[in-house]
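Alright, structures below, take your time with them.
The same chain A turns up in both complexes below, where it pairs with chain B and then with chain C.
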Partner chain A sequence: MIIAGRHLKEYFPVKGVRGAYVRAVDDVSIDVHEGEIVGLVGESGSGKSTLGRLLVRLLDPTAGDVLFNIPDSELREYDDALERNDKQMVKKISSKYSILRLKGSRLKMFRREVGIVFQDPYSSLDPRMSIADIIAEPMIETGLYKRAEALERAEELLEEVQLPRDFAYRYPHELSGGQRQRVAIARGIATNPKFVVLDEPTSALDVSVQAEILVLLRELREKHNMAMLFITHNISVVSYMADRIYVMYAGKLLEYGPKTQVIRSPRHPYTQALISAVPEVGREMRRVVLKGDVPNLVMPPAGCRFHPRCPVAVAECGWDSGEVSEAINRLIEARYAELSGKLSVKPKGPLALEVRGISAQQLKQIVDAESESTKALKAIYSIKDAGDHVEVSLAAPREPRLVPVGPGHAAACILLEGKEGK
Partner chain B sequence: MSKEESIVKIRDLRLSYYTRRGVYHALNGVDLDIMRGEVLGVAGESGCGKSTLGLTIMGLLPRNAAIENGEVMVDGFDVVRPLREYFRRSKGKFKPTKNDDVLKKLHKAMMNIRGVKVSMVFQEPMTTLNPVMPVGYQIAEVLLQHNVSLLAKRRLARAKATREDMKAILGYLRGNDMASMMDYIKSRRLEGIEDQVMAYWRRRDLHDLVKEIRILSLCCDAVNPMLRPGLSYAARTNRLPSAPVLRQLVRHELVKEGYRKAAEYLGLLGMPEPEKVVKMYPHELSGGMRQRVVIATAMINNPELVILDEPTSALDVTIQAQILDLLKDLKQETKAAYMFISHDLSLLYQVSDRIAIMYAGKVVEVGPKDSVFKEPKHPYTQMLLEAVPTLEPHELKGIRGEVPDLRNPPKGCMFHPRCPFAMPICREKEPPTVDVGSGHKVACWLYAGGGEKK
Partner chain C sequence: MARRGGLGGFWNEERKLSLQVFLSNKPAVVGLVIVLIYIADALIVQFAPWLLGLKNPYALTPNYINPIPQPPSWKYPLGTTYPGVNLLTAIIKAIRVDLGLSVAVVLPGAGLGIVIGIIATYIGGWVDDLLMRITDIFFSVPYLVLAIAVGYVLGRDITSMIIALIIVWWPLYARYTRSVTLQVRELTFIEAARAAGASNAKIMFRHILPNALPPVLVQMSMDLGTVMLVISALAFIGFLPVSNFPELGYLTTLGLNYINTAPWTILFPGIVIVIFAVSVYLLGMGLMDVINPRRRSSL
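And then the complex of A and B:
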């Protein structure tokens, strides 16, 4: 395994609010094998770029570990130890392979082994450095070559990314977007890394240029047997590039597996919606249109983070009393006007509601009739008369785990857990 | 023919930008029609003139833009005439600074077209909206600019309508008898109420009973008697009264009415809790909601053409799907034509009736969607389609080379330096546009050159 992230968390503190964190990445594990291209897909704000940066230690995680170049047998041992909670063993293996404790020259050695290419080739290249200097910088910085050698090698690298050698003495502003991105790629692979993170490398480019860059990246992989983490929001691009795909949503990993599995038979409702929303030439779309937006990551939804938008959500997906009372209020206003004004709903603790102005019988009828259109009502587990008000209690949420659904294919949805049990 | 079939007719449009670093020939002879009620997709790489074309139709050109030739007829009105005439007068000594007076004239002439007949949705919803104004005001502003009389009528109608009126109107609605409803409204002189009634009646998320209660409550909303003459003046003339104090008061009343209309319209666009949303500022809304607001500002005056310039490029795929769904619904409800500009061919396939492919300021291929996508004729279109990644992976092929420098565009066919089929004639003469059947047109020597081989 070239890179293995284990239970990575990255919480960014919110300025000015003590104790509030943006949970950009929350308990994500990821594996990248030698020479493999892994696609990491997600919407903006899903934490995919943060994860990419954690893996090459541009960020230090709040919790979790990143293991570099670890033999598979030892990784298995490590995972077993984690499960058994054998702290000593974990510490022993981690001290050997973890990148988080690297310092000084050993950190530089690690930096030589990894590379990164950023999204925007207009802001990631220093406008005051010549192309040769830009490409040579990582080689000089990590002590791989002396300056003169590095500049020579920079020219070779230009050839490798199919740019003329004399570009070495130009400056970024003289190049077009596609050419700049080639330069950024040359810089990313300058030290002959074993693992490269590509953070949306083609999103800012035209399709015609994108196609060329993608072809180039595949060639480079063949030639140098580099492992790549390809971060993008474009599933079609991932389906061209990747061997395996990871899908992230709101800081959580929802599904991963071999490319063909994930794209042809996605198991998580989010992945299904995402893939159905990809427009394609020659195929009329059968879109699953998701309501709403990506959640706020300071106060992420309980349970499964996707549940407020999920078209197939069930009772235990993580509804809390706030969501349910809002849903009831909205429903009353839009569909049961005769009750509006009379009925009041108050959350009472995370899993109970107090409803006034309606009988338990009546409320039951409404809930039964509307629970298909308003998924939040599915969480209602019992409705009881309690003197002057009705007490509604909700089903306790369950945190979904990643369940295997095929060879190397897993998804985190409680609907799948149920099937596994049967 | 009094009403033409096309809403926009562009003929041999040549436009250049004069800059310090030279003259950029941005549009080099564009011929294009947009039919009433169709969706025309416009595709091409960046820098091929897609956006410039949209801005020209809107008359939103910068001062350094020179119209060297051609016309842009929007509903029979030649938008670029003053600019073209200025360019002819300048006899090759075009100076951007002297363009200002001409542009002023153009903007004045465009007042009756922009926002009324043609409107535009831009790519970035955050930069399109004004960050210091509530979004409701920004929608209301469009109405205050062009449709004061509608707002005044709505307000007066609510003041005049009685509960009996509303009950009668509801009766017609339940019987689905729109014609009699309109007759009744006319006979009771309640014009303006139908706009509000229908806004609730067509909402899908509301229960019928809720709709009826909301419609019934549209009556007996008394208006300050001092404002009455001002409002009726506005309703009659589509202008605000000129007396200063009255003008302010009436304007204030109509801004409130504008918010109301904005909320109704956002409700129709499927925005949850529109009454709250209109009071919010752009930064409080998410990207998808903002783009809905922008679409509302563009659509609220029922324009005949909406230009959508990459409306979903800044949005996530799932939000893009929401917006596409919304546009599909709007297309069914209104009779507007859409010009959908995008670099994403697969997206255009989903939304368009016809497709125009642009390259270096020219339309190189145009035709019905199916025919252009299934049998692309122009080598550029073919190569563009091969470069699009799909879910079922296929060999990707990029297009070698770059979009030409438009300061000195190549001679002959602009695409010849990148074209694998280039022939000697391509380097010398511009190819004519030929029809290859059923409205599918292509500008390429491969199809026109039969008789002219050298």
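And then the complex of A and C:
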């Protein structure tokens, strides 16, 4: 395994608010094999770029570990040890392969083995350095070559990314977006790394240039057999590039698996919605349209983070009293105007509500009639009269686990977990 | 490689483009020419006063035989001011003093401010907070008042005036350098340099500073004019210790009693101050164009 992230968490403190964190990446594990392209898809703000930066140690994780260049057998041992909670064994293996405690020359050695290409080719190149200096920087800084040799090699790299050699002594502002991104790629692969993170390398470019860059990246992979983590929000790009796909949403990993499996038979409702949005020639589109936005990562939804937008959500998905009371209020405003003003809903603790101005019987009828269209109502577990008000209690949420659904294919949805957890 | 030879030379593509951008801004070229004339004047008075036939280059030459201001004539092209001072030669001498004083204020003030601004961003945390609160204190007092107060404490001479103005001026640069540095620090190429394995110091000096300094340098060029105005204002209100000191602000005060009959005594030194302030501003705008990537790429 060239790189393996284990239970990675990255919490960014919210400025000015004590104890509040943006949970950009929350308990994500990821594997990248030698020479493989892994696609990482997700919406903006899903934490995919943060995960990419964690893997090349541009960020230090809040928790979790990143293991570099670890033999598969030892990685298996490490995972077993994690499962058993065998701290000594975990520590022993981690001390050999973890990148998190690297310092000085060993960190530079690691930097030589990895590269990164950023999304925006306009801000990722220092405007005051010549192209040759930009490409040579990683080679010089990691001590791979002396300056003269590095500049020599920079010209070769330009050729490799299909730019003329004499671009070496130009400056970034003289280049177009596509040319700049080629320079950024040349810098990313300058030290002949074994693993490169490509953070949306094409999304700032126009479509015709995008295709050229993708072809170039595939050629480079063939030639140097480098593993890549291809971060993108574009499903069709990932289906062209990747061998395996990871799907992230709101800091969590929802599904991963071989490309064909994830694209052809996605198992997580979110992946299904994503893939349904890709148009295809000769097929009628059956798009699953998601409502709403990516949730707030400071206070993410309980249970499954996708549940507020999920088209097939069920009772245990993680609804809390706040969400249910809001759903009831909206429903009353929209469909039961005669009750509006009379009825009041108050959350009492995370899983209980107090409703006034309606009988239990009436509320039950409404809930039964509307729970298909208003998913939050599905969480209502019991409705009881309690004197002057109605007590509503909700089903306890369940945290989804990644369950295997095929060879090397897993998804985190409680619908896939079967009966075992109940 | 042919192009590599060009890289070592001074006139590489980058510099040529900068010049091109600057020259395309006509007012800036005018500003530059005027500023160069001022500088030439100052240098000649300093090193070769005989070229202009100045006998007493570092002081005013009064003529008490005929102290009343004379209108411009062939003998005195800009007229004379009280007490019989030839305004043309007085202004020529004064430009050296004013330019020298504003450089003496701006260079150390900016240097101090830049160093403090960089330290603030580099260390961050409470050091940053402390330094920025100190600059806040300086900002909250009008600089002229502060300069007078500091000058009063230090004593009434040229050195104390320079020191007072430096003390008033550095917070501006500290604040400005800090804000530009913070801006540059957020750009992706800094992260790219980190991914390339560059050390913090190297990132600071190879990537952040070269990108943060140009706007500060533009600010410095513009401030030459502002500082000259302030110095003149201070001299005007009597901050100067010596009575025959050739200084533009002081020159305007000499003819004050004759303002109704001899307006040129105030007009000419005043115009010289204003022209300098305006040209330095135009020059600064031209330099601003040079460092603005959008202007560069439009050519």
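Here are some notes:
Going forward, the second predicted complex is superposed on the first by the 412 of 422 C-alpha atoms of A that agree within 3 Å, B and C clash if a C-alpha of one lies under 4 Å from a C-alpha of the other, contacts with A are read in each partner's own complex, and residues count from 1 in each chain.
The definition used in the following text is that a residue touches a chain if its C-beta (ideal position, glycine included) is under 8 Å from a C-beta of that chain, and two chains touch if they have at least 3 such contacts.
Predicted model only: the values in this text are computed from it and were never measured.
Look at A:R398: by the touch rule set out above, it reaches neither chain B nor chain C.
After overlaying the two complexes on the shared chain, residue contacts for A:N234 are found with chain B alone; chain C is out of touch. In the superposed pair of complexes, A:K108 makes contact with chain C only, with no contact to chain B.
In the superposition on chain A, A:K348 makes contact with neither chain B nor chain C. Of the two partner chains placed around the shared chain by superposition, neither chain B nor chain C is touched by A:K92. Ranking chain B and chain C by residues of chain A touched puts B first.
By the touch criterion defined above, A:H224 lies against neither chain B nor chain C after alignment on the C-alpha atoms of chain A. With both structures placed on the common chain, the touch criterion links A:E212 to chain B but leaves chain C unconnected. Only residues 43-44, 176, 178, 206-215, 233-237, 239-240, 263, 273-282, 284-285, 287, 289-291, 293-294, 330, 333-338 of chain A touch chain B when the two sit together in their complex.
In the complex of the two chains, the chain B residues touching chain A come out as 45-46, 205-207, 209-210, 213, 272-273, 286-289, 316-322, 324-325, 343-347, 349-350, 373-374, 383-393, 396-400, 402. Put simply, chain A touches chain C in their complex at residues 53, 56, 58, 107-108, 111-112, 114-116, 118-120, 123-128, 130, 137-138, 141-142, 166, 168-171, 173-174, 184, 187.
Within the complex formed with chain A, the residues of chain C that make contact are 1, 3-4, 6-7, 12-14, 187-189, 191-199, 202, 207, 210-211, 293, 296-297.
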